[in-house]
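Dropping the structures in below, format is C-alpha cells.
Both of the next two complexes hold chain A, though its partner changes from chain B to chain C.
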Partner chain A sequence: MSTTRLAWAAGLAILIVLPFITPTYFLHLLIQILIWAFIYTAWSLMGRFGFVSFGHGAFMGIGAYVPALLWSYWNVTPWLGIPLGVVLSGLLAIIIGYPCFRRRVIGHYFALVTLALSQVVLLSLIAAREITGGSLGFTQRAVGYSWYALQFPEKSYFYAIAVLLWLFGLAVWRRIDRGIGREALEAISEDEEAAASVGIDVLREKMRVTVISAALTALGGAVYGQYVMYLNPETVSGIAVSLQIVFAAIAGGVYSLFGPSVGALLTLSLTEGLRVWFGANFVGAANTIYGILLVLCIIFMPQGIVGTLQRPKGSSARRDIAWNWRKG
Partner chain B sequence: MDIYLLEAVINGILLGGVLALLALGLNLIFGVVDVIWIAYADIVMCAMYAIYFLYTGLSVPLPLAFLIAIIGAASLGVLVHLLIIAPVLNSAPLNQLLATGGLLFFLQSFATLLFGTDFRNIGVRLPVLEFATIYVSFARLIAFAVGLIGAIALYGFLKWTYLGIAIRALAQDRDIVGLMGVDPRRIYLVVSAIGGGLAGLAACLLALQYDVHPFIGNTFGPVIFMICVLGGLGNMIGGFVASFIISQIIAIGGYYSSTELSYVLAFTFFIVLMFIRPRGLFAR
Partner chain C sequence: MLAVEGLCKRFGGFLAVNEVSFDLRAGEILGLIGPNGSGKSTTFNLIAGNLRPSAGSIRFDGREIGGLAAHAICHLGIGRTFQIPRPFRKLSLLENVTVAAYHGAGGKISRAEAQHRAETALEMVGLPVSSSVQTNGMGAAALKKLELARALATKPRLLLADESLGGLDREEMEHAAEVLDDIRNRLGITIIWVEHIMGVLMRIVDRVIVLDHGEKIFEGKPAQAAVDPRVTEVYLGKART
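Take a look at the complex of A and B:
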C-alpha cells in the first residue's frame, strides 16, 4: 500500500469516526465546511483555467431556491426539485457561457458579465418577495424526519450526505485533472488562437467545464438549502457569495486537489472563530479582521496556501492564474 | 406623453449625472493603473460618513464638510494605492481584483463595527422644484450639474495640462512613457488621488439624497462597473454616455415595475449588450 493510499484511508477513517466523537456544534460547522468545500472545488474547475466567474452566486442561488420553493409551495419532493435546479443552472450556464465564449468575452469582461449575472439572480429573488420573502428570506416547510422531503433533524444524516458530496466533488476534479481535456484547457487559457490552431475545439472544452462547474455549484446550493432550511437571497446568491467563493478557492489554491477544501476549512473556521471570540458585542469586528487577512493573503501568498506550501524550495517560478487573458 | 413617465425620464437624466462622475473616477483608475477597484463605491461610503459626522456631530458648516470629505477621499485613494495596489501591481489581474475585493470586505465591516448598521441622514432638506406640474428634486438637479461640470473639468485637465497629457500617455503605453521623463509611480498616485477625490465629490452629492449605511456601496457599486464596461473599460466618453443609458433604463423600468426589476432589466441589458459588443458600446 502506497503512502498516498494510506493517507486516503486514514483521512476517510477520521471522517467516519468524527460524527461519533464531536459535539453537535462542531458537527454543524463541519457539515458547512464540507458543503462549501464542494462548492469551492466546483468553482475551481473553471477558475484554475483562468475562466474567473463571479457568477457562481447565481448558480448556487438557483440550486438552493428551486427545490425549496417547489417543496414549500407545491409539495414537490426535493428528489425532483434538486435535479430541476441543477438542470436550470446548467441551462443558465449555457445561455450565458455560449455567447460569452463565442464572442470572446474574456478577462475582466468575463468577470464583470458573470458579476452582473449574480446581481440579476439576487435581485430577481428579492423582487419575487411574494414567494421568497424578499430580503427577509424564508424558512422551508418543515416536516421532521423524512426521506421524501430530504429533511433530517439529526445532524449525522447531513454529515454523511456532505461527506459523500465532497468526495464526489474531489472525484470530478480528479477526473478533469487527469483527462485529456485538461491539457486542452490549459492551452486555451494560455492562448486561445494557438490552441484553436492545433485543433482544440475551444468552445466545446470551455462549455463542458463551465456547465459541470455550474451544475455542481447548484447541487451544493441545494444541499446547503436542505440543511440550513432558512434561505436568504444575500446568503446564497449575489456578489457577496460569489466573492466569497472566489476568495476561498484562490486562498486555498486552485491547482491542487485539496486547495479549495483547505480554503473552505481555513476561511470558515476563521470567520466562525472570530465571530465566537468577539461575540455579539462588536458586530463587524470579525469581518474587519477577515478583510485584512484576505488582502494580506493575496499580496503575500498569490498562489494560495496549498500552492505556497507545495512550491519547491528555492524555486521562484510563479504560477499565476492566466485569466484567459491577452493584452489588446 | 404621460406626465409621470416624463418625470421618471427627467429623474433618470439627473441620476445619470452622479453615476457619470463615479464612472469617470473608476475609468480613470482603470485606464491608467489597469486595476479595477471593486471597493470604489465603498470609498464613497466612507466619504458619506465623514460628511455625516462632520456636519451633524461636529457642526462643521456643510461646504467645509464637503471639502474635507473630498480631500479625505482623495487621501484614502492614495493610501489604497500605496498599501494595496502597489504591492500587487505586477500580479495576475485576478489577484489585483481580489485585493480590492478584500478591501471591500474590510471597509464595509469596519464601518459596521464603528457606526452600526443604522441608516443615517444628514437631515438637509432641499426644496422640490415644480416646472409645469413636473416635480424635480433640487438636490438631484445640483448633483446633475456638478456631475456635468466635474466631467468637463476632468476632460479639460486631461486634454490640456502637462499632468493630464502625461496621464493619457501612460494609459496608452506604460513602457515608453518612462523614457519621456514621466515617472509612472508619481502618475499612479495622482490618478488614485483624483479617483478618490471624484468618489468624495460623488459622496457629497449622494449625501444630499440618500441615507448612509455601511452597505450603501453594494447598491450602486455593481451599476458603476457595468457602466464602465458598457462604455468600454478606460474609455471616459463611452462611460459618460453609458451612465445616461443605464440611468434611463433604471428610471423608466422603475416607473413600469419595481426598483429591483428595473435593476434586473439594466443588468440583463448589460449582459446581452456584452454579447453583441464584447468590448463595450464604444469600442474602437
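Take a look at the complex of A and C:
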C-alpha cells in the first residue's frame, strides 16, 4: 500500500517538475499526450467492457467545435461553451445509444453504427463550411492571455490544465473500477440476459457508462481545441480520430488504469519520433512502421502493453476449483 | 401467488406455448415436466421476462407482469436459474453472487449487505465462501449450484429452477433436490421446477404439470401423473396392443 502511494507521489513530483526542465517542444508533446491519454481513458471506460465504439471521434469533434465556434462568432466564453459541448455530446450518446441498447445492437453491429456516427459528424462539419471553414479547418479568434477566453500563449498553463484533466480521467476510471458498477458491467458484457435476470438494469447501466465516456471525450476535445486553437474536421473528428482512439487504447491496455495513458505515451512519441526521424524522406514510411508496430502490439499483447506486464501477478491468484454436489 | 392464463408464445409459424394456464399457491413446489421441446423453458422465459408473451396473461401477486423487462421482474421477487449455467466468467464466484444480491435489491442496499447476502446464498447451496475463487475450472455441478446461489441472492419469493439436475450423477441429483426442498422449507420460497427427467422431482414436488407440444396435458399429484395414460404415452410412446 505504502509503495503504491510512494509511486504516486514520485510520479506527481515528476509531473510537477517536468515543465521547468523540459524544452518547449517536449512540453508541447507532453500536453498533447496528457490530453489524448485522458480521451483514451474515457474511451476505455466503455471499451473495456466490450462496448467498442468507433464513434468517439464524433464526441471529440463536438466537444472541440462547439466552444470554439461559440467563442469566435458570438463571444460566448468557453466556460459556457465547453459545458454546452459536453452536454450536446452526452445527448448525442443518448440518441445513438438508447436505440442500440434497446434493440440489443451489440458487438460488430454496435461498432458499425458508431463508425457511421463518426462520419456523420465529420461530414456535417465539412458541409457547414460557411461557419466551420470546412476541410480547410478553423482558427479560433485569439485574444492573447485571457482566463475569460481560456487562452494562454504560455504552455505551462495548458500543461497544468492537461495534468489535472488526466488525473480527473484516472479518478473517474478508478471510481467505476472500484464500484459495484464494474461488476454489473462485466456481467452485462458477458451475458446480457443472465445479467438482467439477476436484476441488473442492462439498458440503464450501459447508457450511464456510454454517456460518461462520451461526455469526457467531449471535454478532452474541448481542451484540445483550446490548446491548439486550430481545428480541422480530420484531426478532431471522423473515423481517423476514432480509430486512433481505439488502437492506442487497446495497444496500451484497456483493462488497467494506466493502460490507455501508456498507449497515448507510446503512440504519440512513436508518431513524433518517426516523423522527426524520417523528415521529408521516404514519405509514408513513418505511418507504415507505426501501423506495423500497432498490428504487432495487438496480435502479441491482446491485454495491451500494461496488461501484459501485469499478468504474471494476477495469474497466480487464480485457482482452479471443481466441487461437486456431494456434501463434505 | 402466480396466475398464468391462456399463455401463448409464437415463434414465426411455430407455437411453442399454446394456451397454458395454471395457478401457483405460495409455499408450493410445482414441477413442470415434459419431453424436449414441449415448451417448459419457453414458459419460464415468459414468466421471467426473457421473452414477451404473444398472448395471455401472467399475474404475480395480482399484478400483470407479462412483457415486463427481466430486471423489473427480478425486482418484483422472481428469481430464475438457467438450464445451461451462465456464470459471469470475468467475476469471481463471490462477485457473481454479490452482484446479483446488490442489483436484485435494486441497488438499494450497501455493498457490505450485498456481500453478506451473497455469502448466505453460497452457504445455502453448499459452495465455498471465499473471495479468491474463480469460476474458471468449476465443474458442471458447482456451476449449477452457482446458478441457484445467484438466484437466491436476489431474495426471490418465487424461484424458477430450470433443469437443476441436468447432467448430474445420481448422488449429485439427490443433493440438489434436497437443496431445493430446503429452500422451500427453510426460506419459504415458492418454486417452479422444470425438469426433463422425472425421477427425483416426483418425490419432492407438491403438484406437477406436464407439457407436450406447448400444451398442458396433465395437472395434478405426482402419483397420478405416473399412471395417467396421456403422460405415459408422451414419455414412453403409445402402448402396442
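What we mean here is this: the second predicted complex is superposed on the first by the 311 of 328 C-alpha atoms of A that agree within 3 Å, B and C clash if a C-alpha of one lies under 4 Å from a C-alpha of the other, contacts with A are read in each partner's own complex, and residues count from 1 in each chain.
FYI, a contact is a pair of C-beta atoms (placed from the backbone, for glycine too) under 8 Å apart; a residue touches a chain by one contact, two chains touch by 3 or more.
Values in this document were obtained by computation on a predicted structure and should not be read as measured data.
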item: Which superposed partner A:Asn287 touches (first chain B, second chain C, both, neither); value: first
item: First (chain B), second (chain C), both or neither touched by A:Glu193; value: second
item: First (chain B), second (chain C), both or neither touched by A:Ile126; value: first
item: Which superposed partner A:Ala248 touches (first chain B, second chain C, both, neither); value: neither
item: Superposed model, chain A: greater residue contact from chain B or chain C; value: B
item: First (chain B), second (chain C), both or neither touched by A:Ala264; value: neither
item: First (chain B), second (chain C), both or neither touched by A:Ala37; value: neither
item: Overlap of the chain B and chain C footprints on chain A, listed as residue numbers; value: 320-323, 325
item: Touching residues on chain A, where the partner in the complex is chain C; value: 180, 183-184, 186-187, 189-191, 193-203, 317-327
item: Chain C residues within the chain A interface of the complex; value: 48-50, 69-71, 74-75, 79-80, 82, 86, 88-91, 93, 95-96, 98-100, 102-107, 111, 114, 126-128, 132-134, 136-139, 141-142, 144-145, 150-151, 153-154, 168, 171-173, 175-176
item: Chain B - residues contacting chain A, complex; value: 36, 38, 84, 87-88, 91-95, 97-99, 101-114, 116-117, 214, 218, 222, 225-226, 229, 233, 258, 260-261, 263-264, 267-268, 270-271, 274-276, 278-279
item: Chain A residues touching chain B - in the complex, by the definition given at the top; value: 52, 96, 99-100, 102-105, 107-109, 111-113, 115-117, 119-120, 123-124, 126-127, 239-240, 243, 246-247, 250, 282-288, 290-295, 297-299, 302, 320-323, 325
